[in-house]
């Protein structure tokens, strides 16, 4: 079995890496281009700037029922002082512009209030003010520059329908939840095997993002046959580094702790310390700023029916699915899945059965950290990252894991999907800033009904 | 029979009491242990530094021998087995298997060398099913699973019936069967059993003893700790009485079972009524 | 400056009749300025010019002989803007160091979180960058110990709204950071746009510690606005990519930035990302010689935002101490407004201090503008610059607009 | 059904003597039952672990509950004491229905149980474990804890605890943490602790499993003295020597049901019990190889019997 | 380097109001976690409730200060019930996550734009401390020569330490009593305690309430010390720090939290001052390529993380704890 185990790592890793590579290359090549609309007749051609010290009231009338909006000529506008004296009038020109000079210098006018009126009957047939009551605007001047006003014509563009928005949000949520799932799977595996509630898991996520950033920031692009593959290489390096980091972490920290017989609560507190430590070390080296990667920061979205999805998100989605399926199958198909559960239940007994406990745990740490790191880079690709990337979503990762049932692989996936999609879609009904709150409330409600999580199992007393 | 130590304390006192055997003569052990398949010499071991549970314990088991260990609660019987199996740190002393030093070796390495162990408590994987528990028994040789599984299934039919039930939900006795079954799966050459019959129904207890004997007859050396002392001594070739972390008496099973001192201190008279 | 032996005499202003008095700090002859400016956090990119402004001013003051015959000393602290839990402890550090004035914080939200602490301790808080209109509310500053050289966002809001309308945008979405600054600036922009006849398609306030902004951006995109005003700090680098992937990035939409996010993004985004984005921030055109002096203090400066305001705040404090002949904050707080307006104009510390020595009433005109502070301790007049981003993701000036508040 | 009140006279009908005329059949009515259970049924998935039609436990007597592994004895204990909830059924203690009553309330009523897998409070000392067992402690209420009005009572509790520890040979371990005890010592501590509550009914789940035989013997006397004090004892045990020695009455469970009842000797000679549980050679010496062989030869049949008894008609597997 | 100032500054924090806050919070955790074994990671939530109740009662609703205090305590009890009823039956690690989640729910909700008018959003609430300031019986600050506290801080820390000592006395009395014994029993095995006729649930709830009340008082002091109440004072890290304080002193020891808090804040400030001294000035001791002032401010947290780890590894029982007790396998 030791050989079996030893083979499992490279095998599942190479599978994962190949998948990442394939998808990222495809994603990179598919970067879409969007044409711009042809030019229309000129609208709102503004008069030449003046150098005198006067204030004008200007505006441009357009009919926004067409795209692009059409200029509305020949509408008459007047400006009255607060007492009702007309101080100037104008009619809009061919491009829709009106321009009324105010008497006096700018200093005279600061603090003055004027009323700008539009003559409704001077509007062309069929045009209506957007807000019929808004025929006069009171403007108080507090700037020494020209003052612009507008009289919108035509309805406000129809917003996107609720259903479409829900769909769009769900797709966004799906991408997020898959990334969450990778992190949660890692967390769940580590918990499942060692019983450690690892509060430093968030930092494993950040670690991936930061390593990739380091590679990305190396001077020059990495090119293969002329294609810029900097990001692909960065992702691969990040995953490998994360695996190594997980392995080292286990070897250097957690294994000695286990051998000293440190309890699970003490270990949990150690992980808190480690989390604080790592987070600040990350900040030490990467600063506190938000970062984006050099490639694919701003991909234009594809429109698939009502749903917009960028090639990047699509790539991330496919990568995540492939990786999740690969890892889950690897865990299910091999005896290591059972070995991890055996180790989780009772390490001493597992050893008594001939399982090399330390090696199983090493593998789990490596794979778990690799998953976390990968989810970190991909998260960084989709939304940018800073040194708190992992810390800020850690609670969601936990929520996902627990919702599904701690230590249960399928639970982690199910929990992530629920949490990730719920977070996005719920913003239709609750304020966006409370979206995490909503997900956490769901977590608590579920635990009320099923204290052991959705796929967890109750324990026997006595 | 050998009175390795003379003790004057009449009460059957668990650990911590005053009756401490003194001045053990180790010469006999040294002479007899020569060529034993498993031997432990002068073990001092414990759970915390500074607190020793085993105090110069000796033990040997010859090839094909069935050795029983009895003794009061807290005497260190389980600790001795765990120390042999690398689960408790040995401070001084040595354990060797077939002449090879295995002191403080990792348990899984010892499994590879052919030692099997059934702990007294926590001896199943609660979240694995019965079948998976048994699979763990042949973790290092998955190929032999089918054959061994049939063998163990014959031994404990209820396990076959419930093979997909999680061990955590089993009754105490059912767990014991799983634990025993797991160890038998690995076809060990030396088998360490810690109270294998505890919690089993009488018929199952008999079955365990008979099977242990049978396995032993087939060439497996067995060291078993039992509180079902009389039964244990009935089947074993040689027995040890452990007290205060060292062996107080050692002799053949039947000699021990009939020694009035042992009866008074350790066996009681209940079963004879 | 003050030790810790406070006395309870009510030396503060008329405003505080209902509440208790601030502690008063004994004068000790040494003016200590504490700077509470962003070294970390969402505004860290604006820290360097501000620190440079304060440092340059301190150097100038000390070159001119210091205050009350002693050199001014400076203690630095981090306002960690965007994460207010840093500022509290840092203020403790400044107070313990007997700082007479706390220059900062940069973010209005952070200033609000420490204002009671600073002013209750009888020290002056003087911010070079707070623009939230909240500070003009007497309730916010019961002891009259708060001042600023940055103009209230009443002005920036009006300029931004006017700029948006000037560009012919009629239906505008506002995406703003939820804090005193973002909220109230958004409100001013909204008001300006509605006053000018336009409509606000949606106003979305986000919580700055959100992990991502997809939901907020989706909400904005769903209303299909003509233009988007983005009132944010450094989280801009997260929001812009999210907007681009929703199809409402700078290439598809006119986007407006404000003082909180007008910065050099050439390192953050691929070329051309921000092309066409317009931005506003308070401050008159930076004079070349002052820019050179800031660069001398800190050669790595890239942005200069609020550097001049920081300079002016420091100089005004020093002048007020000179005028009050006391380094006790509860003495010189009454002079800060006086030296900023009404009287003989002067433009350097030395010039002004000399005039004060002659007993002349002065009006300090600083590098950031005329800095005439009104009753509430805020500028009554100020200049707002309007800028535009080029393909290099850096901004250039379009024009300056001056207005009264 | 319970027709008695706790105030009912207990003289002749109560205790072991009252069992004399009770018929030796499952579900037999006792003259003075302390516990009565009716139609208690507990299923786990497809497996019916407990399905007790009717059972009564005689007050003041020692009753043994025996049965093959997995017969449902522990589960029945859990149900009676509120640690688990049955799908259906009613059961009462001293005439008071216990359905839906939570575990701690059951214990307060005077029905204290121990666990098959010991549950000592590892990081409390042995004596603290013991003190915890006492009921009605003033100092366990928040206010009197704060106001320190519990001193006197605590002394009484401690005296009693020491006496019990002495009897259970644990006095030497008084100040040690319970987590440092060996498996057998833990059993002892748990039993002693249960007695701290002066329970009317003590329910012991395999109290002697793993206890050294010599010590076991001395403890039996103690259990008997509980009966002499007027307490009722119900215990699960696989050690037939003990069952025979101390029990007044034996109830046999198999596949969740009560299959036989009666005094020890009569039950143990019941062929069904021998088939399902004891095996016909449980008294024989195994060192005799011929016996061993015979046992081995017969083992298969017996085990088949036991296992069909244990799993019963429901052959559906419990899904994990 | 000015050692005198560094030591003085560290002492000032180690004995000052911040140490009071964390001592109070950690006493609460000591009851719930140290003695009862409930992994309550929601202490920041209780602190939020306390602080916000006080601040919003006074500032938003213009009610008296003392009513705010009473309300803070009252809502804490309510929260303990709300939190306890569903979650106290959960496994330890589930409980940890659920309580963190609850604290975050509270924090994010209180800081939300939706409730801006009541709780001030991210900026929080101001101007509620006046009554407390006016209660100050001391004529001036405390000046010990090398350290000094302003008049207000002195009042804060004096009243705070008095409360801390009263709290410790209470905990001492409780834990010596059978009541405390039951809590400790629950920590070990709640089913065993249940089988002995104790209402485990009620005890857990009492423990959570008492722990929460200490948290709420800590919350009052947070608000009063900062003269401001905003969501960032009660972030998850606050709970982590409180745990560090508790474990540093030694869990399940009466004085553990107090000593822990003093030592923690002393050390944290000490490190901070050292590193800022090392990086200060035009020609700092520490080369700028290695560490600048900004990075220096991270060093204390880096060290605190390390310290927490090393502590749990090499002295998991804290300053006061008993090594042997800790080593016992709880199972």
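A few comments on the model shown:
Letters are used for the chains, namely A, B, C, D and E, taken in the order the chains are written, and counting of residues starts over at 1 for each.
In the analysis below, contacts are C-beta pairs under 8 Å (C-beta built on N, C-alpha and C of every residue); 3 or more make two chains touch, one makes a residue touch a chain.
Note that this is a predicted model, so its numbers are computed, not measured.
Farthest from chain D, judged by the mean position of CA atoms in each chain, is C.
Centrality by Cα centroid goes to chain E. In terms of their C-alpha centroids, the spacing between chain D and chain E amounts to 47 Å. Taking the mean of the C-alpha atoms as each chain's centre, chain B and chain D sit 28 Å apart.
Centroid to centroid, with C-alpha atoms defining each point, chain A and chain B lie 59 Å apart. The mean-CA centres of chain B and chain C are about 78 angstrom from one another, to the nearest whole unit.
Among the residues of chain A, those in touch with two or more other chains are 283, 433, 436, 457, 461-462.
Residues of chain D found to touch two or more other chains are 74, 83, 115-117, 320.
Multi-chain contact residues of chain E (touching two or more other chains): 108, 112-113, 191, 324, 327, 329-331.
Across the complex, chain A is touched by residues 39, 86-87, 89-94, 96-98, 100-102, 104-105, 108-109, 112-114, 191, 236-237, 240, 243-244, 247, 295, 298, 301-302, 304-313, 316, 326-327, 329-330 of chain E. Residue ranges on chain E touching chain D, taken from their complex, read 170, 173-174, 177-182, 184-185, 187-189, 191-200, 206, 324-325, 328-331.
Note for the complex: chain A touches chain C at residues 43-44, 58-60, 62, 64, 110-111, 116, 130-131, 134, 137-140, 142-152, 156-160, 165, 168-169, 172, 176, 283, 287-292, 294, 297-301, 308, 310, 312-313, 382-384, 389, 392-393, 423-424, 427, 432-433, 435-436. Residues of chain A touching chain E in their complex: 191, 197, 253, 257, 260-263, 265-270, 272-281, 283-284, 395, 398-399, 402, 406, 431, 433-434, 436-437, 440-441, 443-444, 447-448, 451-453, 461-462. The touching residues of chain B, counted against chain D in their complex, run 11-17, 70-75, 78, 120-121, 129, 156-158, 161-166, 169-174, 176-177, 195, 198-207, 209-210, 213-214, 227, 229-231, 233-235, 253-254, 264-271, 273.
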